[in-house]
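Here come two complexes built around subunit A, the first alongside subunit B, the second alongside subunit C.
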Partner chain A sequence: MSRIETIISELSSISNNPRKAMEDYKKETGKGAVGVMPYYAPEEIIHAAGLLPVGIWGGQKSISKARAYLPPFACSIMQSVMEMQLEGVYDNLEAILFPVPCDTLKCLSQKWKGTSPVIVFTHPQNRKLEAANKFLAEEYRLVREKLERILDVKISDEALHKSIDIYNENRKVMREFTDIAAAYPQIIDPIKRHAIIKARSFMEKSKHTAMVKELNSELKSLPVEDFTGKRVVLTGIMAEPNEVLEILKENGFAVVADDLAQESRQFRNDVPLGTDPLYRLAKWWQEFDGCSLATDAKKSRGPMLIDTVKASKADAVVVCMMKFCDPEEFDYPIYYRQLEEAGIKSLFIEIDLETTSFEQTKTRVQSFSEML
Partner chain B sequence: MFTMGIDIGSSSSKVVILEDGFNIIAGEVIQIGTGSTGPKRVLDEALSKSSLKLQDMARIIATGYGRSSVDEAHKQISEISCQAKGVFFLVPSAKVIIDIGGQDVKAIKLDSKGCVKQFFMNDKCAAGTGRFLDVMSRVLEVNLNEMAEYDSRATEPATVSSTCTVFAESEVISQLSNGVAKENIIAGVHQSVASKACGLAYRCGVEEDIVMCGGVAKDEGVVRAISKELKKPVIVAPNPQITAALGAAIFAFEEVMGTNK
Partner chain C sequence: MTDTTNMSAKELLGFYQEELYEEARRAKKEGKLVCWSASVAPSEFCVAMDIAMIYPETHAAGIGARKGALDVLEVADEKGYNVDTCSYARVNMGYMELLKQEALTGKTPEKLEKSPAARIPLPDLVITCNNICNTLLKWYENLAVELNIPLIIIDVPFNHTMPIPQYSKDYIAEQFKNAISQLEEICGRKFDYDKFLKVQEQTQRSVAQWNRIASLSSHKPSPLNGFDLFNYMALIVCARSRDYAEITFKKFADELEENLKNGIFAFKGNEQKRVTWEGIAVWPHLGHTFKGLKNLGNIMTGSAYPGLWNLSYTPGDMSSMAEAYTRIYINTCLDNKVKVLSDIISGGKCDGVIYHQNRSCKLMSFLNVETADILQKQNHLPYVSFDGDQTDPRNFAPAQFDTRIQALDEMMKQNKEGVSNE
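Coming up: the complex of A and B.
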């Protein structure tokens, strides 16, 4: 097995088994993990406390118990998170960080049924004011205090700055990875690409950085081969389950860039420089644009997508619409029109973690491939 | 030269045999779809009516929901591309296609050459599909082919939900028990189907000529309701159930001739 295959296989196995990643971290460091609910949270505070931040992104499963607590039109990611919390899946987490940028998260944060303590915090939506930075830095100060109390640790400013540096390095390496991967679609297919990126949600970031850095360097040493398929940019919350990515692969599509909340939106911006680490983390939210969960009066998602399509020489955009995610549904008509005006074709597919039948997705993807 | 298009849908199986890319030799439909005996039966029927053998076909292309299960086919092409090809062949002025089949509703936008510019499909939901009409026909005890006639006698269409077939079914049952005339309920059912399909057409952008195909296009009540909702005339493709199979047969011909775009 080549070094590239080994790294991809290790990252894929972490991505597929977060529980084992947590257990390994505990064995190695003696420290536990803190869950991080979607979509954006100052993971650096957890990292600075020496614990493992673990992304909670639901999973592919049928829903039954969650029906007692959530309406059927709650998004499928939250349905699966609710189902798994009722099954006690998250109970060995030391705490859970809970941002509430949409109505479903806001309501879910008030009915958590697991046993781990939940720390809820609010992102300001009037984001471009200086007051927003101050407000969010204060929220993060409360998050730090609560974490210190729950975990019985002290989180210093120095440790926070250091963790921000580690995260920024990971963000930079991930941006490099997505650029490099676009040139090697024969090696980094849509499933592998997703696994490499998703693994960062369950790994100590400097470890993930080291592995991806090595992968980048190994990939760059290979010759670039011609790709005869179509190159697409994914946009939305997430592109799961893997069957969706398999269908893209089967129809000759390569993912050359993404605008997914679970993937590139996490690392496309660095945390800016500054003296107060919490203010730096807060400022990240102000500078972050192009996401349905962050109010954007200028509606820059469409223009950003158009720029991404051009920069990555993509043929089209695939909209991965999370079922019943109203912020994403509201954004869609705006950027769809902007893409049409720019002459960029787009495909709409529905993302539903509960589904086991993919016939409609197959038809849509095949038709799109024939249309391009 | 003969080519064949096989369209295996969720509730019907269709075969078209084409001679030299334009002459329809056979166009057969059997009202059972994938996973049933329908695909084999419709294939046998088309061959028998045309007095041809499978070996006479220069190329066979399968389409529809069950396209990957057709062993006889040389290739599979999606039903969206095939509908576009078949409808444009029959109605070259078509700009928007509304295709309502057994379990799918699609709106397809064409460019001036008949190529697919954009398309939208329904979500995983039977509302607004042929299956929805099947359910309503059973509850109302009115044959599918009589529904248009009932609709034409409606005086005050009832309101029927377009969100969910199960909810709509219970709405219809309660309207029946409240004594609402079947004619008015059926007109409401047709409006419900139309609102679902038109929602997709609006996403595509509505432009004339609008052409309907798929099994539901045979129900004039639905066609009238769609035309009313869009405030534009709607053309029903000739033999609307076989348009995707026809498109597949044309694709097969073009592939043999090396003119496939």
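Coming up: the complex of A and C.
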């Protein structure tokens, strides 16, 4: 097995088995993990406490117990998270960090069915004002206090600055990775790309950075080969389950960039410099744009997508629409029109973590491929 | 000017609603500014600057109630709005699209011509506030970008912990200042702080009369039919910063007090049980839901929804105004939400609760199971829920509603008999 294959296989197995990643971390450090609900929680605070931040992204499963607590029109990812709460999947987490940037998450933050303590905080939405930074820094101060109390640790400013540096380094390496991966679609297919990125949700970030760094340099040493398939940019919350990516792969699609909440949106901006670490983390949210969950009077998602398509020389955009995610559903008509006006084709596929039948997606992807 | 002195409250309600739309149309013709606003966004700033106001949620509810929703919903569908999103938003985006087509082509689209709702002018600016949902952020982002007009945002962060911290009120108050400078730029003149104070005082007088009406449902039997609040709500939304609301509500409260004095009750002698309605009305089926309950002798005497506009604060104090706009019960943690609803149920001396699982409103639906469960443990009152939608008529099944309220009626009966047998 080449070094590239070994790294990819290690990251894929972490991405497929977060529980084991947690257990390994515990064995190695003696410390536990804190769950991180979507979207955009300041993981750095958990990292600075020495615990493992673990992303909670639900999973492919059929919904039965959650039906008693959520009507069918709740988004697919939260249906699956609720189902897993009820199964006790998250009960070995020391705490859950819970942001509430949409109405569904506001409600879900008030009805956690697991046993771990939940720490809720609110992102401000009038984000471009300085007052928003101050508000969010205060929210983060409370998050820090609550974590300190629950975990019985002290989280110093110094440790926070250090964790921010580690995260920024990871963000930089991940941006490099997505650029490099676009040049090697024969090696980094959509499934591997996703697994390499997703692994960062379950790993101590400096470890992830080291592995991806090595992967980047191994990849760069290889010659770039011609790619005859189609190059696409993914946009949405996430592109799971893997069957969806499998269909893209089968039809000769390469993911050359993404605008997914689970992937690039998390690392396309660095946490800015500054003296107060919590203020720095708050300011990240102000500078972050192009996501349905971050209010934007200028609605820059469409123009940003167009720039991404141009920069990555993509042939089209694939809209990965999380079922019943209203923030994403509201963005769609606007950026769809903007993409059309820019002459960029897009394909709409529904993301449903419960489904096991992908025939419709298959047909849509096939006919889209013929259209391009 | 029309003489309103001898009008009944009901006549005043109709008169001022039409008057507000007429004022907006006139303002547009005269080249003055028109603003579209979220229903619980602070109205005080724009009114102080003499901007004509239109409230899309009320307008959408009106279209729904007049059975005109499907036509405009279709337009939104064609624009790519998913049928799973809020039907108020879809009705309004569809309607906006028709207005835009008319403005661009000079021809009135057939669906606009046929629409049973009041004609409204396109806005020159929009103002939104997320105290009743984050959907209002997304919806207004879209309005602003589709029409290329300024957007004023008042963000009131979800109160996951009560009481509301000072730093949250400070953030909101800073946004008020920002809204003022945005308005100064849009209007091209200085903000009128003297008028602003008067508008705040007016708002408080309107709110006081609104609360006076709501409190009358505590009488048993009740002189107030709670469904009437759904109708009068139009003015607490659209005119709370004007005297139109105060005049109408005062008249209505006076009428109800007079009735009470004379022993005239909403259901005459037929009030048998009293219910709380949790959630927004089902506008396209308002008659069905009301009659269904009335035929069983069930009067609605509790609803937390009208309380969204209980915006009491101290005029001149921005922090107090910030608190009023952020403490809306659906913008607070479950504990507080339950407390508010519990007071509504006991205030209305209710025998049961109806929860509207509203396809359009995730925020007002996803905590219903927990809310109902906690309240039931506290007050031992029966409850039911039904599936509905505020303005999309397709998401409501009359038969399901009927079955559920019959079940509730049975349970309330048993409960009452149980108590009397003890």
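Keep in mind that, in the parts below, the second predicted complex is superposed on the first by the 372 of 372 C-alpha atoms of A that agree within 3 Å, B and C clash if a C-alpha of one lies under 4 Å from a C-alpha of the other, contacts with A are read in each partner's own complex, and residues count from 1 in each chain.
The rule we apply is simple: contacts are C-beta pairs under 8 Å (C-beta built on N, C-alpha and C of every residue); 3 or more make two chains touch, one makes a residue touch a chain.
In this text, all values refer to a predicted model and were calculated from it rather than measured experimentally.
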Partner chain(s) touched by A:Ala297 [first = subunit B, second = subunit C, both, neither]: second
First, second, both or neither for A:Lys172, with subunit B first and subunit C second: neither
Which partner, subunit B or subunit C, touches more subunit A residues: C
Partner chain(s) touched by A:Glu370 [first = subunit B, second = subunit C, both, neither]: first
Which superposed partner A:Lys31 touches (first subunit B, second subunit C, both, neither): neither
Touched partner set for A:Lys345, first subunit B, second subunit C, both or neither: first
Which superposed partner A:Thr355 touches (first subunit B, second subunit C, both, neither): first
Intersection of subunit A interface sets (partners subunit B, subunit C): none
Subunit A residues within the subunit C interface of the complex: 68-71, 73-74, 100-104, 106-111, 120-126, 129-132, 134-135, 138-139, 292, 295-299, 321, 324, 326-327, 329-334, 336-337
Subunit A-touching residues of subunit C, taken from the complex the two chains share: 79-82, 84-86, 89, 93, 130, 133-135, 137-139, 141-142, 144-146, 151, 153-155, 157-158, 160-161, 165, 167-168, 170-171, 174-175, 178, 333-334, 357, 359, 362-363, 365-367, 369-370, 387
Complex contact set, residues of subunit A against subunit B: 323, 340, 345, 348, 350, 352, 355, 357, 359-360, 363-364, 366-367, 370-371
In the complex with subunit A, residue positions of subunit B that touch it: 65, 76-81, 104, 115-121, 123-124
